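Reviewing the structure listed below.
Order of writing sets the labels: A, B, C and D. Residues in every chain begin at 1.
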Amino acid sequence: MGPQHPSTHGVLRVKLKLDGERVIGSECMIGYLHRGVEKIAEHRSYQQFAPYVDRMDYVAAVSNGLGYCEAIEKLLMVEAPPRARVIRTILTELQRIASHLLWLGTHALDIGALTPLFYCFREREEILKIFEKYCGARLTTHAFRIGGLQYEAYDTLEKDVERFCKAFESRIGDYEELLTQNRIWLGRTKGVGILKAADAIAIGATGPVLRASGVKWDIRKAMPYAAYDQYKFEIPVGTTGDTYDRYLVRMEEMRQSRLICLQAIENIPAGPIMAKVGKVLKPPPGEVYHAIEAPKGELGYYVISDGTVQPYRVRIRPPSFVNLQAFDQMARGHLVADVVAIIGTLDIVLGEVDR
Amino acid sequence: MADEPKEQQPSGMPAGDKPASSAAPASTPPAKPAVASPPGAAPPKPAAPPPPKPPVQLQTPLNNELVGRVRAKFGGALVEAIEDRKQAILAVERGRLAEIALYLRDEEKFDLLSDLTAVDWPKREKRFDVVLNLYSFAKNERLRVKAHAGDGEEVPSVAGVWPTANWLEREAFDMFGIVFAGHPNLARILLPDEWQGYPLRKDYDIIEQDTGWVKENLGIESGQ
Amino acid sequence: MQGLTQATLEFVNQYWAPLVCGLAIVAVLPLIVGYVVLVERKLMADMQARLGPMRVGPHGLLQPIADAVKLLIKEDIIPDDADKLVFWLAPVLSVGAALLAMAGLAIGPAFQIAKDINIGILFVVGVSALGIFGIVLGGWASNSHYSLMGALRSSAQLVSYETAAGMALVCGLLFAGTLNMTSIVQAQHEQGMWFGLLAPVAFFVYLVASIAETNRAPFDLPEAESELVAGYMTEFSGFRWSLYFLAEYTNMIVVASVATTLFLGGWLRPFPRTHWLDFIDFLPPLLLVAIGVYCLMRTPKQPARVQQLFMLAVAGLCFTVAVVLAAPVLLRTPFVNPLLASAAKPFYEGIHGGFWFIFKVSAYLYFFMWLRFTIPRYRFDQLMRLGWHFLIPLSIINVLLIGIAMIAGSYLHLEGGWLLLATIPASIIALIVALFILAMEQKSERQQAGGAAPDPYA
Amino acid sequence: MPLRILMLDQVIFYFFAAIAVVSAILTVTRRNVVHSAIFLITALLATAGIFLQLRAEFLFIVQIILYVGGIMVLFVFVIMLVNLDVAVRQLQFARQKWVAMLISLALAAQVGLMLWSTGKMPGQGMPVLVAAPVDKLPPNSEAVARSLFESYLLPFEIASVLLLVAMIGAVVMAKKRA
């Protein structure tokens, strides 16, 4: 299946070894979208590198930005003010819903259901409108700054988010109605691409892929960052770790994110939105590894500073790159038609895989 | 990007490698990672405008029970244990990395290898740092294990211990040229196989490209 | 001289009338298919919270013509080492089969091209089976591995679902007693009961099998399979591709009309024999009047002047058809002298019959389209397993049960509506058997859940 | 029956017969396998046309469904699935030329005898079939059905059992191979 394949979410080439219809081995050829982000990081100042981070996982740009800014704040031993942290949480959760919506739409399209795609894009459009009103950009938002936020929350932010969350509850009902009990959908996803818990941990899968295999671990709960410790939300966990469980986990995650947003907009604390951080950042020499729960999994930043304006080394731990490793063992023994479903359920974004 | 890539040697970094190291484990390897520069030697650069931060103690020697157990088990292999910004870092000897990794996974329950990457310190004699970021579900803790490797020296592969290291090590090889002994199929993962040179090394200039490969495959003079 | 005119007259009605009707069908059909495609795109858009084609003509009403012109102009690429003869023949074969099948259909009591050929339904089914060649040869001629695989898959699907469809038809024919289209509808008229109600399971099996046979909705695997791209149609472009497209939609119409004739009572009014329900006759004209009024209301909103004219024309069309439909009904009412009424009788049946037939066919097509937008696609082996393990045994058992019910019915000399007493238990037993097969299927699926799905070609 | 109608029937009959003969010849002579399959299909369709022309619609549709819709589909399937380039290259017919010549001669002799003997019979040589008027003939599907299920029920049952056995045999063989 060549790089221009209609259903590989970007430029991914999969070499399949087939016995008739059955897949007996596979090898992912990646690197088509490699832009050398980490090399560029070593030649840019900390603030200048922030927009590059959005281009990696272009579907969930806001959470990339959050991860990077928080990593540098940890490096500077600086804490973002509470108001900034709450607004950051709201925007990141909205981005998670948007990312899952895009996943649901394209995944359902690959398996043949035409309608969910348009429903998902209708909701996603509303979220992108909120981003546009907040920071002018829809996709690569560069919404956050190191130390806090650049823009004050626009006045109708709470109302927009509330209107969206109110409408979203019935919308998820629509998707569930279309797919969850649908016999053909079950036929195409039940028992496809099974990844047991032990294998998931061994292969380093994180995020919904890991949780669907039964491991109850979410960085937002385990090591809360931004303002996640102030809100109550559950972590959905699957049982068998097949495509259907990943579908259920992500649907439940969308609901939880909606709850977080609702709790967050109730009281956005007043106060400054930017910590005391100078124009020129020269973090004291040293290193830090900071990971956040991106929609695809654990997104980690390992930043080493040598006291100068430019980071000495920025290493980005991409969840899609690691989750894609599980593809080979998941695809084995399935038919070619299932390969499409498995790529969909891993929810990989090639910008992040190749960096 | 308006600014031109500054190549000048970052001023503040203490030049050369400082042999002295605070904790005095039995056999200190000659070179000491500049990163864990002794606290006293280089006064932490106070960021210009912010209020003069007290020279906070960033790299403090770490001595919790984990370090104790590891030192008891491996003694010399554990070169150094420090804590940077409340994150535990163990520097271990390159030769026994795989063994220590197995120990950390089984006894210490660090069952998830979040990330495996490498850092290039051209100034140091043992040039590369292979950095493993581990996480344990049971203890909800992170640990960073480092091993120093010179150019061309082989680092034992941990793909056996954590299968996720397979691609991560291939990427480290692709970007830095570090050879991992015992890796199932060590080959380039992101760049084309015939690409010459290792991009993420400090001496590999950002403008530079494998012009040979570009000319031959893409048929254009040069990437720029 | 007299001999000559008599001979030509006989010659005309024997050979020329069908020829002219045939030509009419071949000319009108692409237009009908074009508008069926437009309706489908509009429906799909409506279900997906968007508008669908709006640009060409008011509400995209001229879109099909634009499509047809585009397809005609598009460059016709022939893969270089493809087999010229077969490459040209394949689409023609599949369109020919589909159009030929159209000839056998009885649109209304009056309008049927092949005047009640004795083997009606068999003719339609047999000829549409020729369509498989179009697909297989098309796949082979385009000489690419993928389209060949797609062609083989879709023909395997067609062949296996034809058996299921055939058995379902047999079950329907048990009630009708004859193969001739018009007499089947006559039988339904006499018994006053649609066969679809007498044998619901057969109707369901035929419905599913007909969807699979026209490669649509959940069974449109050949062109949907991601690596087969467009299945056997990949290499065809421009007009050749539109021939296949025309064949697919004509097949859909053929299948829909066979179902309406056999199961939904052809051109009969919903309750043909119950006279106190006669007001149903007024329904068609009222419906068309309503559409006409709606168009009138919409005309001022049309932005462009020409679109307003077009909407007016559509409204006018609806009104004239409404009048045409209303005329025979009014004539038959008591206060019109019987002489005129009797003259209007055949005229009334023809027009109303035609309306009801088209209404039922479009309802059937609506169901096709509705399925296509909502449910995802079957994998090829699931599709074959459904066909062989579930549909075919179910339809055979159903024929058996309906047969027994018929004998019991004749033994207790139940007539018409009373026959339901016998057929309902038969249908229930058939459903129980269906559930049993499904349960067995589930069990066997669970056993080899570990192993992968069985290879369809094994 | 005015001459003109009769004449039209004749024209249609010869038309179909010509197609049948030509495509039969082409089937044999074609080098490309799929082309010969197509010509075989046209030959069968032409014979079906002749059935129809003789007002035997049931036979017409059975011919189409059985031969063209059933058997020929399998032929084309086999041609597609089995990669035939190898078979085409080997020329096996070289040796049987003489045997084929002999058989065709015998066949020609037989046909000649039949033609010659009719000359002896009363009536003018070739028995010219008169196209039966359309409405007098009983609808022949009933006729076929009645004869099949009443007068020849036993052979019909035996044939169906035979078919069943053949089908089961095929399934068993396929199962073993898979």
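Everything below uses one rule, namely that a residue touches a chain if its C-beta (ideal position, glycine included) is under 8 Å from a C-beta of that chain, and two chains touch if they have at least 3 such contacts.
Just so it is clear, the structure is predicted and the values come from calculations on it, not from any experiment.
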Intersection of the contact lists for chain A and chain B: none
Distance from chain C to chain B - Cα centre to Cα centre, in angstrom: 69
Centroid spacing, where centroids are CA-atom means, of chain B and chain D in whole angstrom: 81
Separation of chain C from chain D, taking each centre as the mean of its C-alpha atoms, in whole Å: 31
Residues of chain C whose C-beta touches two or more other chains: 455
Chain-level touch network, classified as line, ring, star, complete or other: line
Which chain pairs touch, all of them: A-B, A-C, C-D
Of chain B, residues touching chain A in the complex: 1, 3, 5-6, 10-13, 34-35, 37, 42, 44-45, 47-51, 53, 56, 58-59, 84-85, 87, 89, 111-115, 117, 119-120, 131, 133, 137, 140, 142, 144, 162-164, 166-168, 175, 188-192, 199-200, 202, 204, 206
Residue ranges of chain A touching chain C (in the complex, touch as defined): 1, 5-7, 20-22, 108, 110-115, 117-119, 122, 178-179, 182, 184-185, 187-188, 191, 333-338, 340
Chain B-facing residues of chain A, complex: 30-31, 34, 36, 38-40, 42-45, 48, 74-77, 201-204, 206, 215, 217, 222-223, 276-289, 291, 298, 300, 302, 304, 306-308, 310, 312-313, 315, 317, 321-322, 325, 354-355
Residues of chain C touching chain A in the complex: 44, 47-50, 218, 224-227, 229, 372-382, 449, 451-453, 455-457
Of all residues in chain D, those that touch chain C in their complex: 2, 4-5, 8, 32, 34-35, 38, 41, 57-58, 60-61, 64-65, 68-69, 72-73, 76-77, 80-81, 139-141, 178
